[in-house]
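Two complexes, one shared chain (chain A), two partners (chain B, chain C).
And then the complex of A and B:
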């Protein structure tokens, strides 16, 4: 390099734009032509990255506003729904991200001091930590996708916040529920309406607005009892099954109160059936209406995990809003429908521990899905930033291996590290806000 | 770094930051001790905030405690990892300005949020009561 230490303001010549003759005697080939010197270039870049970081703060602040508003108005949702998150994963991810921030800051120091090996090591460690963060996030996300703990209308969890079995709206959870779907088209029970999570009750199939008038149940002892109830509303305080707390005792068909308890109602909302009535099991027709592609159905769920040989349902259904698949089954006026027999085989018996967990958790509040809408929006946007950061650090790693960073040209390392710190910073707030709700 | 560059840099920065003398080359070099102390404190504070959740101080105090620890951690990151303590004052102005703008955003949104928590659906069978008083007359 040419050396003109005492001519910092010498007019630029046609020197290939490297700025090597800008008068500082050690010019990195990456000092751009239009800057006075390395300091000028560095400071310009630094101002730019700080403006970008300010924009990032504002960018994320919109999601924080959504979080704060929703938590302010619905604290019960947060205190219930955060139990779906595993603090262990969140804490490990926090530590991983803090460590990667440390190595990113150290990478800047190495670049400033021209320690090439240290720089490469620090950048590589940062990338490994970022990938580990995403790996843990993958474990968390895949668990949530598997259990249908998702955002918006896709929230249909198979387990309660306490980890217990949960009866769900669409009966999507394989192999654990004692449910049956009644197909009014054939009068027979079908296995279930939904096979895919992305099936939307409002899109395909037929929607039926049905009111169950009467149930006929035969218990294990062979006795047949009939009782009438409205399926909308809440579970009764007193269990119709005679107040026994365990599911086996509740199996006694003879303990059903016939007919006369028509005024009682059962819960038609999502949640743990066993958690109601002081832990006593109750009948719980699932979300109404159920939608089937073949015909119109009522999804009946029994939260007590009791096997039933024969169940008969009488229901009154109103006209379906879009009867494309059911023909003129419910053309206009409400019809009385009687359904055939069905056997209901529970596939999962709650253990005493699980029952206690369900009782302790209590019925879930409404609109828990909003928590996960916010959760996925915030962690998702943060995750995208992490992915982008990995790309930037890979680029830096390649340049560092090529030896392109010198004490007078390490701006990119510094700027990327600043970006990485702001990603860490946002996670520092996300972790207590999402995982550590008391 | 040539003497000219160092001098011009310090001339710009010395008044803005008492730690300008620590600068090496283009910017401040964070000592290893500072980096390790910051990283260690952040990890310790993470453990503290997790443990604090297990103690029941009441929902509000737990939330305030968690947020206080988060703010402390964020401050450590900004001051030492992001070099803001040694950096130009103007960068601090930008960053604090962004946070103030975000606070303004939150504050103004929270100010009248209670006004929108009830949905009033027009019911033709039970219209809202007419305003009390005589109807306005024409002219």
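And then the complex of A and C:
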């Protein structure tokens, strides 16, 4: 901002100060009397609003810093969690806000040109857009509240980001999901989900910098299992392929109900499971997928140790794979599996999109609630600013209808429009940061 | 091209005659006229009295803390109560007294007059700042009946998430106080930019204005971070969003970063206005222009900018990376440069000055010594290796009290005496004032010098109990605290009593050169009954003491030619 002193347009230019000059009248009734003239008031207000906006930027900055920090340390959370957000809603809201910024700027122009009707129309449109924005936000929020896709300890959704069903830690899912009975004849659950929830999500060594491969095995009942494989060493005995249990043998050993009767814990990708006879398998969130730093894939694993022993699938474990050639592992291994069909994706490098899809099918990573903490904090604070903006624009609208704004006095419209632009601008940062992560 | 010079020839300044308009205190009467006033002086005075009440509350907590520490073990209260005492002492003093003390109270009253302006830029915003302060103060103090607050004024997570004390109420108060501070700063910035009279360029501003300008930058840019931080803390408390809660994946140290990103600049929000008023008083009472005006002015601004870069030095032992520690340590030392420039310039101003030991000057000289000690001990703490030993000991307590209290509060008291006659129209009792100033100086040193020693010997801060070897230091400190407390209390009482007992103050009791001394005493509603005349700042040649505590400008002053050039260079000189 310029720092020119007041009174450049001062008619009584001989005064050094203006202290004694409080008798003079101003043209407009809205020029406060400690200002020299309309221009002085306008310039002061303009500097004031710019400083206020600087304050706003700093007010939001802490949240942006928190965003950067948590994303830097936990990229997997962000790449998973953003899939819960609907880009469509975000995009519509972006368009709505940008349009409302246009009408806000237009309102200033109308006030400058003394176009009362245009001013009223522009202000009203801005208010309508702001309300539309909040309406869409309401749809998004209510969906998330309904699905328990929330912050902190309230994060407890019933679906994975990909839409598959999740069995959640606090078991807030509705209906009969507290128990499940698996019908091995059809390969579908006949009712419910597990009641016993693994409380410790960090068990069984799912490491962030693991050297594991992920691949799937299709079982005889059409079930699909996903296993990890340590490609750096011999095939360990505890490997899912090293045991003796077949899938049918596991039928008696499942831990579906507290009593341990009734079937087997079953995991499958939601989408595929649906394809296999319309069953609705439940995800256990007990084990988290880990993003392998080297880019070899994503591990998705379910069940605790005991349970896996029960559900071990018989497989022949052949010679150890060559650590140097991960591709061979996928090329050779499937033929050795008694379960039959070839494992998927030999030699296939997942695209980012596929990786995300695969990821989205699994349960959320640990502390994914942090994403929604950030999401709700940022969009919530932004929403409060939108509500405040609506209040301001309503006030302006009333004043505009009364005809109080003139080319000599339109400061409030200008200041409110500037405020509205920063609200818009913050959203323009929020939209890609939250919705468009890749 | 006419210049302000023209005025200087015809108007040597105000004679101390009767003023035709009523002063701001009597222009309107009644409680309502105060509560709804838009006059910056009245708002400033309401601030001032609120702050003095808070000062007494905070001081009472300090004395309770010191009394408890008289002997090891329980002296008067138990551990939990003690925790609340030091928390409330810190919170009240920092948020309610020291931060708004000079900028919001004295700055509000004096800054527009120093600029020759009728008011601040946004009087209604100014009044709302005051009410935000009031609401924040009530909430903060309101935490006491709801069980006190025991987190320390720093509100560190995760303890502040777990404690049973009403953190939510207190942080709501802090949030409001933050916005009060932001709006005050915004108001000051716009006032300084837009309400300087023609002819007053940036380098004809009183240094107090520069200091408040630098302070306001920090208020506007740092305080919002505190706002969002305590907002997140509050939401964390009631909704468990997890952002600072490690059990939910959050990072409690992030809170410390956010907190100090505000609270380190806040330290400069507290000290820089003190430096501003000290510059005014030292120049006035030495009858000499301030030495190195531009350096003093620039050092205020550079301190303000540096203040944003050193917050990490509060967290050397919080698990920061080594690199961050080294960078923050190095940056911390750079803060010493502008601070030292100021001290050097003040001392040089005193050199060969015609020093008058009036009450404000006694406080100013105290400030010089205490700030030097406080500043230099800060350098010890900036050294990484030494900080590991001294962190969270009484050494730190002593250090920041030398800066926050020995410097800021002493400067505040000095400035209060300096401008008191101007806005109340009454002279205070010089003898009581001097006795109290000396009492404050000795009481303060007796309180905090022993704390340096016991801190260096390992006494941790905030402890309720201690080994007997520290008792002698604690007892000296406690005695000092009472001397200090009594001195300040008597000062406040004496000042307030001067409303009734003091003799009428003249326009210019100290021979100050800035514009506020041309205004009537007390000023009229819009400060000046006729436009003030711009004289060369900090030039005392023409000011003559016609009788005790009454100065008048006798001979016309001609602006030096370079001053005129400068005014023109900034585009202010021409009409």
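One rule holds in what follows: the second predicted complex is superposed on the first by the 228 of 438 C-alpha atoms of A that agree within 3 Å, B and C clash if a C-alpha of one lies under 4 Å from a C-alpha of the other, contacts with A are read in each partner's own complex, and residues count from 1 in each chain.
Here, contacts are C-beta pairs under 8 Å (C-beta built on N, C-alpha and C of every residue); 3 or more make two chains touch, one makes a residue touch a chain.
It should be emphasised that the depicted structure is a prediction, and the values quoted were computed from it without experimental measurement.
Visitor: Identify the partner contact of A:408: answer first if only chain B is touched, second if only chain C is, both if each is, neither if none is.
Guide: Touch status of A:408: first partner only.
Visitor: Examine A:109 and indicate which partner it touches, taking first as chain B and second as chain C; both and neither are also allowed.
Guide: first
Visitor: Tell me which partner A:54 touches in the superposition: chain B (first), chain C (second), both or neither.
Guide: So A:54 meets both chain B and chain C here.
Visitor: So, A:91: does it touch chain B (first), chain C (second), both, or neither?
Guide: First partner only.
Visitor: A:153 contacts which: chain B (first), chain C (second), both, neither?
Guide: Touch partner of A:153: chain C, not chain B.
Visitor: Given the touch rule stated above, what does A:34 touch, chain B (first), chain C (second), both, or neither?
Guide: A:34 contacts chain C only, not chain B.
Visitor: A:42 contacts which: chain B (first), chain C (second), both, neither?
Guide: The first partner, chain B, only.
Visitor: With both complexes overlaid on chain A, does A:64 touch chain B (first), chain C (second), both or neither?
Guide: First partner only, chain B.
Visitor: Under the contact rule defined above, give the chain A residues that sit at the interface with chain B and also at the interface with chain C.
Guide: 5-6, 43, 47, 51, 54-55, 58, 61-62, 65, 69
Visitor: Would you mind writing out the residues of chain C in touch with chain A in their complex?
Guide: Interface residues on chain C, with respect to chain A: 4, 7, 116-119, 121-123, 125, 182, 186-187, 189-190, 193-200, 202, 220-225, 227-229, 232, 235, 239-243, 245, 248-251, 254, 258, 261, 515, 519, 525-534, 571-572, 575.
Visitor: Which stretch or stretches of chain A touch chain C in the complex?
Guide: Contact set of chain A toward chain C: 1, 3-7, 10, 13-22, 32, 34, 40, 43-44, 47-48, 51-52, 54-56, 58-63, 65-66, 69-70, 74, 151-154, 366-367, 369-370, 373-374, 376-377, 381.
Visitor: With touch defined as at the start, can you tell me which chain A residues reach chain B in the complex?
Guide: Spelled out, the residues of chain A in touch with chain B are 5-6, 8, 23-26, 37-39, 42-43, 46-47, 50-51, 53-55, 57-58, 61-62, 64-65, 68-69, 72-73, 75, 79, 87, 91, 94-95, 98-99, 101-102, 104-106, 108-109, 112-113, 407-408, 410-411, 414, 417-418, 421-422, 424-425, 428-429, 431-433, 436-438.
Visitor: Residue numbers of chain B touching chain A in their complex, please.
Guide: 1-5, 8-9, 24-27, 29-30, 32, 35-36, 38-39, 42-43, 46-47, 49-50, 53, 56-57, 59, 62-63, 66-67, 69-70, 73-74, 77-78, 80-82, 87-88, 90-91, 94-95, 97-99, 101-102, 105-106, 109-110, 113, 117
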